[in-house]
Each structure stands twice: as structure tokens, then as C-alpha cells.
Amino acid sequence: MNAGHLFYGSSVFLMVMGVFIALTGKHLIKILLGIDLFDVGLNLLIISFGYVNGGTAPIFSRYPHVFKNVVDPVPQALVLTAIVIGVAEIAMGLAIVMRIKEKFGTCNISKLKELKW
Amino acid sequence: MSILYFFLYLLLVTIVGLLYMGVARKVTAHVQNRYGPPIYQPILDVLKLFGKKDAASHGVMHTLGPVIAYTGIGATLLFLPLGNHTPLLHFNGDLFVVLYLLVVGPLGMALGAGESANSNATIGIARALSMMLGYEIIFFMATLPVFYANHTASIYKVILAQGTFPKWAAIMYPISFIAGLFAVQGLLGEKPFELVIAPHEIASGPMVEYGGKFLGFLQIWHAVGIIVETGLFVDIFFGPQNILWFFVGTFFVFLASVLVNAVMPRFRIEQAVRFYWGIPLLFAILGILQVYLWR
Amino acid sequence: MKLFKFSQSRSLWMMHFCTGCGAVELPPTMTSRFDMERFGIMPMATPRQSDLLLITGYLTIKTLKRVVRAYEQMPTPRYVIGFGSCTINGGMYWDSYNVIKKLELYIPVDLYINGCMPRPEAIIDAFLKLREMIAKGEANAWKKYIENYEWYKKNQSEVFDVEKWSVKK
Amino acid sequence: MTMFYILLVFILTGLLTLFLGPIKVLRNIVALLGYLAGSALFIYNIKPGLIYSLNIRVYNIHFESGFSTVFFGIIILAVFLIFLLASFHEENDGAYYLFAFLTLTGAIGVLFAKDLISFFFLFETMSLFSFLMVLKGKNKNSPKSAFKYLVWSVFGGYAFLFGTFLKVYTTHSVMIGDISFIGGHIKLLILLLILTPFMVKAALMPFHLWAPDAYSDSKDAFTVFFSGGLSKIGIFGYFIALFKIFTEIASKYPWFLTVIAWLGGITATLAGIYAFMQDDAKKLLAYSSISQLGYVAVGFGIYTHYSVVAAFFHALGHAVYESLLFLVVAGVYYRVKTTDLRKMGGLIKKMPLSFIGLLFGIIATSGIPPTIGFPSKWLLYEAVIMKGDLLLTSLVFFASITAFLYSYKLVHSIFLGKLHKEHRDVKEAPLGYATGIILLLIPLFVLGVAPGIAVKHIDYIIRFYLKPELGYNLTTMTTPLGHVNFPVVGIVMVSMFVLSLIIYFIFGSTYKADQTDNYTATEAISDDFELHYAGEFYGFMRKAFGRPLKWSFEKLLNAFLKLFAFIGEIARGFYMGDARVYLFYLVLFFSLLAYLMGGKL
Amino acid sequence: MVSPILVIALSLFFAFVIPLLGMLSKKLPRWVPPISILVNLLILLSNMDKISGGAMLITTAGIKPPIAINLAIDRFGFLFALLIQTVGFLLSIYYLAQDTKDERFYMLFLLNILGASGIVMTGDLFNSFVFLEILEISSFGLVAVQKDKKSLEGAFKYMMIGAIGSSLYLLGIIVLYLSTGSLNMADIARLMPNIPDSIKLFAGLLFLIGIGVEVELFPLNAWAPDAYEGAQDSISTQLSSIISKAGIYLAARIFFTIFNGFYALEVVLYLGIITFIIAELAALMQKNVKRMLAYSSIGQMGLLLFVFALISKRADIFIFTTIILLALNHAFGKGLLFLSLGALTGGTREYYIDSLKGSGKSNVLAGLLFTMGAFTILGMPFFFGFWSKISALISIMKAGYVYLIGLVLLVSLFEIYYYGRVIVNIFSGEGKAQKTGFIYASIMVIFALFIIAFGVWPHPVFSFAHKAAVALFERTTYITSIMGGM
């Protein structure tokens, strides 16, 4: 078992945990946290995809031999964006939760049953 | 010339029909252990009615109603072969023409009676029309096998095809014949199907507002109607080869009907209609099956 | 014309206005014992169809209205037979406040049959008499009604509301 | 190209009336002129055998005119004229004419259509705008009836569409053309599907449920066109389906035709029975219309030259007398503001012309000579007997007896009997209705005496498909079973009538009696006494029929619909309302697909 | 010629400007979206004749693909961009007439349009994810903008599912990236044959879920009715006319151009028809008209996806023409329905069928427009829907599922039932009189005009859609036009 597998395993675990929390949590914030956890897990997963064991940073330098073992930069760039997006999403979510708390007087998701059927 | 001939023809049949009515009264009287009026009594009645000075009319349709009634039955008569005799020979007496013309009379009377605004009249009409759902259909179904077997719709051809005694449709298609007999009773409006007139119940129904010459018209309408209706039956089931046999046949059919009439009470309207949808319908259908099987 | 006269005399369709006790006498007259049909006399259902109005017994004011109405609805020539004493003078109801005493005041009568009650033979006799009168042209009471309409109406108006009960012509 | 122009003229007229017609008179004039222009184009330019195609990118619209186009086109245009005449007195607005003209466009266009897609397009146009017309309606129930009509006609339209696609799939041709060479039983399915909308339009049971409501709840003038004109499209469809699309139906599936004939017979009978049980004039006429259209189905089901001629002729007759009846009822409604038979009576003295119209209308409906109703019924009976189906003959005969019943109820309850006190000042129906009545009475008698005029055209239509067997000339018809000379029947009747009148005038005199001068067991009645017997007319027949009268297709259908509603409720249950459940669906779906793909991963 | 990239850049700029303007004046921000979108439209139209054959490539930073982010607009995408911008423009005009709202609403609205346009214009897979997220996040906000119980609840539900879905979408992108080393759509499509099947399957699954949430595919669409019902009418219009259309574009791009109809399409085929049936059944007995419209919307999307997926059975340009027609019809028809429903209720947000009774009589225009919308969705003649429906059926027939036509038509009959019920209800009885503002009315009339004009004369739309369909269909041309000759 190498480090890559560990990374993969743990990030997938994080994702599953996130979904599990979102599925079972009653509190809206908890659910949002679950979703966030899922996002984080995903981001970690993406980064670990690009990870090369013992690699270096993908920086152009005048030492071409180092270039042989660089970490893939693109996933990191993507994750950077993804994190921002995740933050925006959670922010929007929290704003909605705030409003819900105002209107419903509760954060219990099973009370959110205005719309059905 | 031919117009005169038609006129005499009509007159003859009218008088014969009136005599039939007289016979009916006489026979009924004898059945009831009475002496009864003379046979020509209906003729006197009609003369009297036409001689009345005034008759109440409720409007144009009310006036025209009996006229149309007589028109219808007279027109029917001209299309009906009396035995082998028919005034409009080239026409061959088509069944459907006869059946549809036969309706003109009742319809005319219905319109006339309707305008009088008398509920009794209208109830009578409603009954008459409803009764048609019973007997007309049975009559039609009973005659159908005969026409079907002879492959024609012409009454005249049916008469010719029957020839002498053993080929009578009454004998060839006995089941249909029985159904037809049931129907004739309703067709003539005799008891137990006398609900249209029902003097004690709805004051003679459609005729309630008719007096004087209107009633006279209705009397002769009825008289010709007897000949036409029984005649249709006789033509189809006995195939009379000449006019004498035709009248003999109609007389006996009518007599049978009158005898039944004399001893019967009256049905209620729904009973009457349902009666026809029971056994007579069964007979009629069996008759149709019979003709299918024979062919 | 003669033929019509003859047929009128031989075919009398009657409307029996069965208000009084006389009605009892009619069934035997009609049925097998006496059989009036042999003279061409038949009961009819409505005044429109009848020639003959048979007033069988006493008439209260209440029924008189209807009798007048029926009489007016009959087509001419029309005949009236007063049946029993009551139609002549009130009979046993001579002092009743509600029975008319004299039918003739209200409608013209061709024939009276007296007795209380007259037997069927008497009825048939009356019919035959009427028949003769018609044949001879004597039964013309109906013309009187037309001629003296005002007078009859005046008499009638003394006992009931003529406006309401007479037929609008 | 003319065919296209005709449709264009009608559409433009509709639009013009919508935009140009704030004033009623202007609107009416524009409508009439547009109609006249279009129908003049039709009558002068449409000859059998014209062909026209129009390419709109993916689909080509193909138009073609045949003998049937001319025949039905003239019927529909004529009935539309009657509708217009009646409309002048209706409450109308721009949309009224727009919808009416678009309905007409669809109806005329259907006659031109040569390919099934255009046929469907125009057919749906007709259904859609007639739906809107019903929706505009005259009473509270109109929207509901319109809804029923919409669902049914779309049901028919979709069946047609399905049939079209099956046909295109199997024959690779979208044209109206033969399918009898297709192997297997799919051709029967195609035929059935293509026939469905026409059975709906022609209100063949069990597809009739929309008709009584839609007919009675649409505007009175429109009902004239609805029943007299649009139902002809159903007949036209029978013709298309049975003769043009499945030419060998008689040899391949004779039982199918028998089923159609029997359905027709049952329709004629049951609708007749329902008709005389109705208490509303328009409902009664609606059922009567259904009943009459049943005969047409019988004619097509028998599928001989005689019967099909009878069917076409009956369709023509139906157009004439059913329009007449609806027109008269419209006129009466215009004056007395009701169609409830129990609230009318004695109008004969007030509206004599309407009475004459209605009288001859019902005489023709009942099939009494010498009117237009008789030749077709006569021929139909002969045809059915020749086919040998005596029970069907009896059924049809039963139906024609019911015609007498409802006819009489109609004429009696409206025109005969005692005049209601609030109708004392009623006048004759206004000019438009009167003109329509007179216009309709002409063909009613002319074609009844000389049916040859129409039979010749009908013969042209179908002689291509069926061996011409019927012998006819202008005034006679001859079948192996019999022969009728229609004028003779007429002359005999007229002369008998004259004779009777002479007898009538020779003897005695009459006097005019007031309606209160009635035999009422010698009770004196006042003017407002309700002497009129119209409620529960034929009520006793309810007893005679007993329980079976309570059975109806509608109940069966409702039970069926409940099933769908139940399924719908279940489907709705999927959307629980709990967000976590939704998420669970997602996860479950993911896991399921992942599991299913597990082998391949 | 103006570079289409400005469409995105300008929108972003304007969206950024709105809050600043909001500080200056309360009235100014509402003018920004119409102006911005109008400019966008002009930019797009100025590029109209530039786009032919394959895709029009707009590079950023001057680097050729596969490296660097770039826009790739072919006719298919162009058509969708045009659709989105047009509807967006109409809606922005509509918002002009609405009550003063928080200026952030206009920002969200503009971002939403931007996201949708970005999706249909981009040639980069990850970029499409970014735009998808912009679209989604702004949608959550828009759904919640009413700030009442229902809208908040709808927004939250939408968010829960949307967030997970788009995350999975991202995962799918990464999977593809790992196996091809590229994020450019054309490049990936080119390299697709080299990828092992298992990877394709896995990526396809992830995309299916990611996009499925967006296009309201059956088990993933549970959020949709709630969000539609909760949102205000114009937002519902936006959801059905813009957001789901962007989803459709994405589905076509990814499943057809990239995956070339591999596996996932078959799943879509079955799920599409199931979606259609279940949604229509669910709508059948629905008493809440808005929710009913939502179900109907889902059903239409199901039909659309089903028709789209037929491409896996038979390669035919006509199928793509059809989905474009269906998308256009749905965009305008459903938009009109939601808007006119709003007009019928008069802003009371009482959507129950009983409370709508007679509203069509008191507000005739809205009633008629609702009827028109319903008719076009039902595929009645003289309405655009007729052509799209016929095309859909022809497509199904061409793919050989001729008996499914019967099923589709049967289910369409349910549509007739529930739409007919509403139409009948709004035209019967007496309702409260409400007025519709001039701008509101004219927006709806424009929607209706589109439906009727092209319903009567569908020729131009057909040719336009056909060209777009050709662009989508010829994926090699798309690839070569971006990647250069190969």
C-alpha cells in the first residue's frame, strides 16, 4: 500500500461521510457541513490524483532533470477553483439557512414540508 | 278516370272497414251476452259525426291532424296490395314504403291531438308512440323472415310467391307467425293493448278534444286502418291470391283479435311494452333463426 | 240531409253525468240485461264526442257549474235528458239550499224521465222517444240555448260565477 | 393552388373579423363576404382531380381534390351558411368568427388533404377551434363540456396519429393510400386507429360521450354547424379509412365491418332511447344526431354499393334536417331564452314558420316520405336485408321507431300544447333564422322527391371502389329487393291530402276554441293553468326499461379513469417533500448504476 | 466582429457593477440587466455569419487548444446562446416593471444568464463546470429570492441535490482528465477511443448524475417540482426555459460529442421515457397548477432526453433537429405558461385550481395566453408545439420504436387532461378582476407571438434548427475545427 492509496481511501471516506451526514443529519447546518465535507473529500481526491510520489512542484526552472518527476499542476489549479466555488455554495447555503431559521423558526429539516406531492 | 277509381276504392275499403268495426261490436256484444248494435251501426255513427254542425278546433294543426291521419292511411292503402289486386301495380307494394306511410297517420293525429293542450291527449299519444317500440318491432321482425326467404322487399311478390295453401308463410314460418299475431293485437290497439284510447282512464286519449267531423275522420281512419293493418299481416302470412281471400283473411284475423279483446283486461303501459320484449320477441328471434337454418 | 237526420237519431252517444243516485240505473241499462247499445247508444268519455247529456239525478250548485260547462263543450246538435224527479223539481231535496230545483232554468232540456229512480225500461223508453223526436226534427232544445243565451246566463249567474265557468267562445 | 387560397381566404376572414370588427354589423358583413368569396372559389374552381403540394422544409403538404371533396365540401359550406345566418343574431365577438372560420378551414382542409400528416394537422385545427367555440359557450356548463370534447377529440386525433406513424413505418408512405398489402394483423390495428377519430367525430358509441354535452352547451348557432357540418368529417373519415386506406377490408376482415355495422345499430338505438328521455331540446337533438349518425355507420359496415350510397345520402340528409332542427331550436331560444322542454309550449301560434321548419325537420328525421330522410332509410333497409343480417335490420328499425318518439316529444313540447303565460308576446324568429329555415326546406323536399341528384354524385364517389349495383335515375331507385319511385309516393300523399281536405271542407263547420276550452273533466281552468304535459314525457318508459337504463358507458369510463388517477397518485408519492429522501434517491441511483456496471468496471 | 468572449466578460463586469450602482441609486441597477443582455445579443448576432460548419474558436491568452481555456461556439451552441439571451432579455424587461427589489437580485439574475450562456459557449470541460456552478448557485439564490417559506425550502432542496450533483460532475471531469490529460472537449472527444471502457463507464455514470440533476432526469429530479413551485413565476420560467436548456446542451455536448453515444445514452433512453411517464402521471391529479406545470416541465424534459438518446439507436440528423425544436417549444411554451399563470393569480401566489376559477374571464389576455401556452405544449396545430411534437414522433419512428409512439401519445393524453382541466377552470365561473401591467403583458405576447408565428410558418425555425443539428451531428467537424486538421 502506497501513500496514493491512502490518500484515495481517506478522501473517498471523507466523501462518503459527507453524504452520510447529509442523509442522516436533521439540522440544516449539519447537512451543509456534510455537503462541505463531501466537497473537501472530493478536492482532496482530485489533488491526490495529481500527486506523484516524491515529485516536486511544477515550476519551470533551468534544471530540466527535476522536470521528470513533477506533480501534475492542473488538478491543483482546478481544486483551487473548486474550493472557491464550494465556498460560494456554502455561503449561499448558509444564507438560505439563515432565512429558513427566520421564517420557519427551526433548522430541523424534517419540518421543511411545505412543498410535497 | 283513375282518380275516380281511387276514390271508389277508398270508399269501398272505408265502408268495409266500418262494417268490420260493426262486426266487432256485434261479436263483443255476443261475447258479453248482449244483442248488440246492427252491423252497419259504425256507418251511422260516422254519418252522424260528419253531420254535426260545429266542432271545436284548437288551431291549424288540430284541424289538420285528422286530415293528415286519413291522408296517411289512405296513401298506405294505395300502396298495399289487396290480395293480388293493387291500384298502383307497378309499385309492387314495397314493405318499407308501407311501413313508413303507416306512421304518417298516427303522427298526424299525434300532432293534432298535441295542439289541443289536453294532457289526456298527450298522454295517449305518448303511450301510442311508446307502444310502437313494442309491437312495431315485433311485427317487423316477424315479417322479416318471409321477405328474406323470398329475397324481396315487395309485398306483392311475397303474395305471388306463396301461391296456394301449403306454401303459406303462416305454415312455413309458424314461429314468426305467432309473433306476428301478438303484434297485430297491438297494431290494432285492441285489449290488452288498448292503452292509447283507455276511455275510463285518460278519456279516450288522443281523441279527447275531437268531436264532430274530426271524430268522423278518426273513425274512418280507424276503419281503413283495420283493413290496412290486418291486410298487411294477411298479405304477408297467407298470401291471398285474390281480393276475396284477402278480405276473408283480414276478417278472420280481425275476428280473432276482437275475440281476444272481448275477454281481456288492459295492461299498464310499461307492462305492455315489456310484454312485447318478452315472449313475442323470443318468438320473433326464433323465427329469424329458423329462416337462417332453413336456407 | 235526411240521411244525416236518420243517422243522428240512430246513433246517440251519451255523456252520463253521474252525480246523483240515478247512476246506479245505468250499468244494467248498458249491460246484457237491457243492452242499450242495440239502439246505437253508447257511453262516451268526453263532451266533445257526445250528442246527449244525461243528468242522472240531483244537481248541486257545485255540479251545475260543471254541467253547464260540459253542455257548452258539446258540439251541436246536442240533447239533454233530465233523469229522475230531482231534475224536475228538486225531488227529495226540494228544500235543500244547495240543490237546484229546476234544471230547465239553466240548460234546455229535451226530455225528462220522472220517477225516483226510473227503471232501465224507462230510460230506454226515453231514448227511443228522443230518437223519434230527432227523426221528426222536434228535439231542438239546443237551439233555444243559443237563442236565449242571455237569459240562461242570467239564471246561471244567480247561482254561480258565470264568467269563470262558461266556455270562452 | 386554389385549394390553398380557399383555406387562406377563410383564415384571413377570421382574422379580419377579429381585428376589424368592433361593430357587430361590420363583423357580420365581413364574415359573410369572406364566406361567399371562399365558397365561390370552392364551387367554381374545385373539380375532382386537382393536386397541389406545398413544401415546408421537412414536411410536404399534399392537397388533392376528389368527388368526395366536392360532395362533403358543398355540404359543409352550405351548413356554414346557415350557421352564419343564425350567427347574425347571436351574441358574437371577433373571436367567435375567428374560431368559426378556423374550424371551417380545418373542416374544408381535411377534405383536401392527401397525406396523413396534413390530414391530422387540419383535423386537429378543426377540433381545436371547435373546442374553443364550445368553450365560449352559452352557459355555465360549457367549459366542462368543452373539456370533454377536447379530451375525446384529442384522444381520437392521437389514435389517428399513432395509426399514421404505424402506416408510415410499415409502408414508407405518408400518403393516404392502400395498406391492405401489409402482412400480419398490424393493418387492422392501423385501420382501427385511423378510424378512431372519425368514430369520435361521428359520435359512434362508445365514443359518443362528449357529444350530447358539447352539442347542447355550445352556442346555438354553432351547434347547427357542429352537428350538421362537422360530423360530416367523421363520415368523410369513414370513407377515407374504409375505402382509400384499407381497400380490401371486406375480403380480409369482414368481421370488422360487421362490428362497425353493429356498433352503428347499437348507437342508433341507444342514442334514440336516450334522446326521448331528455328534457332539454338541444340534448334531445344531440342524441338524435348521434342516433342518425349511427345509421351511417351501419351503411358503411354493410359495405355494399347500396348501403354505402345509403350512408352517404343519409349523411347528406342528416346535414339538412339536423341543421334545420338545431336552427329552429336556436331561433326559439333566441325568443324564449330557454331550451328546457318543460318550460315551453304552444309556440305554434307565435312562431308558425319555425313550427313548419321543425315539423318537416322531424318528418325527415323520422324518415317519412316524401322528405330527404326516406330514400336513405329505404335503401339502408334493403341493403341490410340483402346482407342477410335480419337482427341488425330489426335493431335499425327499432332505432327508427325511437325517432318517432323523440321527434314528437320535441315538436309537442315546444310548439304544441298550452302556451305559457310569459310567452304571450313572443314573436317569430328573426330574419336570419327564417331565411335559414326556408333555405333548408328546399333541399329537404327536392332531394326527397328526386334523390337522383345526390345519388349521382355519391355514385361517382364510390363506384371506383365498389361494383355499381344500385339502379337509379333522377326519381327512382331499384335494388334486387324492390323499387321505389319517390315522386309517386309524394304525389299519392299530396293527392290523398287534397282528397281528405275536400272531405273535410264538404262537411260541417268548425269554430275556434280557446285553449282554456278544454276537456278537463269539466273543471274550469284559468289562463295560467299548467295544462301542458311536458315533464316526465315518456317517464313510464323508465319503468319499462328498468335497470339497464342506468348502465352507461360513462360510468365504465369513470371507473377506468379512477384507475389512472390512482396510478397518478402513486407517481406523485415519489416526490415526498423531504430533501434527505431526494438525496437518498440520488445516492441510491448512483449505487444502483454503479452496481449494475460493476461487472464492466 | 466583436469577440463573443465579451459576452461573458461584459456580463461579469455588469454583474460586478450592479451592487456598486445599488449604493448610488435604488433605481439604477434594474436597468443594468437589459442593457447588458442587449449588448450580449448584439455581440452574438454580429458573429452570426462567422459560424459555419464546425465551431468558432475563441482562444484566450492566444494559446491554441488543447491547452488553455477557450470558447468553442458551433451553431448548436450559438442557437442555445441566442435562446438563453433572448429569454433572458425578455425576462429582464419584465423585471423592469416589477416592484423594487434588492439590487443583488439583478446581480444574481445576470449571473444566471451568464452561467447559462457560458455553458453553451465554452469549449473547455472544467470551464463548463465553473459556469454550471455559477448557474446553480445563482439559481439557488433566485429561487430563494422571494424569501417566503416555500421559496426558501425549494431553494434549500435544490441546493442539496445540486451541490452533490455538480460535485460528481467535477469528479467525472477529473476522471476524464486523468485518462486523457486534457480538459478540452474536442481534445477529449478525439482521444476518446483510447480510453478503456471501464473508465468511460465510470465517467459516464458521474456525468449522468451531474447533468441528470440539471436536466431533471427521473430519480434525480425530485428537487424540481419543489423548486419550481417555491420560486416566483418568472424564476420558474427561468428554471424551465434557461437553466434546463443549458443542461440539455451539456447533455448533448458530453454524451454525444465527447462520449459519442457510449453507454450512458442508453440509460438516458430508458430514464427519459420513464421520466416522461412518471412526471405526466404525477401531474395528472395535481391540484396545484404551478406544481402541475413543474411536473409537465419535467415530463417534457423527459421526452426531450428520450428523443435525444434515440441517437444511440439510429444516427440521424433529424433527431437533433427535433430536440432543438422541442427545446425551443418548451422554452417558450413553458415560459409563457408560468408567466401567464402568474398574471392569472395576480401575484397572490394562490396556485390551487379552485382559486383560479374564473380568472381567465376577468383577465382575458392572461387566460388566452395561458391557453396558447398549453396548446403549444400539447402540440396543437397552428402552434409551434405541433411541429416539435410531430418531429419527436417521427424521430421515434425513425429509431424503430414505432409502438412507443402509442405510449407517448397515451401519456400526452394525460397532458390534455390536466391542461384542459385548468383551461376549463379558468374560463368558468366568475373570478376576481385583475389587471396585468403593460410590460408584463407585452412580454407574454412576445412569447406567444413566437409560438404562433413559427407555428403557422415553421420554415425558418426548421432551417435554423437543421443547421444547428448538423453542427452537433458532425462531431468530427467539430473536433477538427477546434483541434486543427488531423
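So that you can tell them apart, the chains are marked A, B, C, D and E in the order they are listed, and the count of residues begins at 1 in each.
Here is the rule we go by: a contact is a pair of C-beta atoms (placed from the backbone, for glycine too) under 8 Å apart; a residue touches a chain by one contact, two chains touch by 3 or more.
Just so we're clear, the structure is a prediction, and the values are computed from it rather than from any experiment.
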{"item": "Partner chains that chain A and chain E have in common", "value": "D"}
{"item": "Given chain A and chain B, the chains that contact each of them", "value": "D"}
{"item": "Path length in the contact graph (chain A to chain C, fewest steps)", "value": "2"}
{"item": "Most distant chain from chain E by Cα centroid", "value": "C"}
{"item": "Chain pair with more C-beta contacts, C-D versus B-C", "value": "B-C"}
{"item": "Chain closest to the middle, measuring from C-alpha centroids that were averaged per chain", "value": "D"}
{"item": "Per Cα centroids, the chain farthest from chain B", "value": "A"}
{"item": "Whole-Å separation of chain centres (CA-atom averages), chain B against chain D", "value": "35"}
{"item": "Distance from chain E to chain D - Cα centre to Cα centre, in angstrom", "value": "44"}
{"item": "Distance from the mean Cα position of chain D to that of chain A, given in whole angstrom", "value": "68"}
{"item": "Chain B and chain E: spacing of chain centres that average the CA atoms, whole Å", "value": "78"}
{"item": "Where chain C touches two or more other chains at once, by residue number", "value": "46-48, 73"}
{"item": "Residue numbers of chain B (touch at least two other chains)", "value": "50-56, 203, 208-209, 212"}
{"item": "Contacts with 2+ other chains: residues of chain D", "value": "511, 513, 517, 519, 572, 575-577, 579-580, 583"}
{"item": "Touching pairs among all chains present in the structure", "value": "A-D, A-E, B-C, B-D, C-D, D-E"}
{"item": "Touching residues on chain D, where the partner in the complex is chain A", "value": "572-573, 575-580, 583-584, 587"}
{"item": "Complex contacts: residues of chain D adjacent to chain B", "value": "345-346, 348-349, 359, 363, 366-369, 374, 377-378, 381-382, 385, 388, 390-391, 393-394, 397-398, 401-402, 404-405, 408-409, 411-412, 416-418, 479-485, 488-489, 492-493, 495-497, 499-501, 503-504, 507-513, 515, 517-521, 531-533, 537-538, 540-541, 543-544, 546"}
{"item": "Residues of chain C that touch chain D when the two form their complex", "value": "46-48, 65-67, 69-70, 73, 164-165, 167-169"}
{"item": "Partner chain B, residues of chain C touching it in the complex", "value": "3-8, 10-11, 13, 31-32, 35, 37-40, 44-51, 73-77"}
{"item": "Residue numbers on chain B that touch chain C, as the complex places them", "value": "25, 29, 32-38, 41, 43-48, 50-56, 199-200, 203-204, 207-212, 215"}
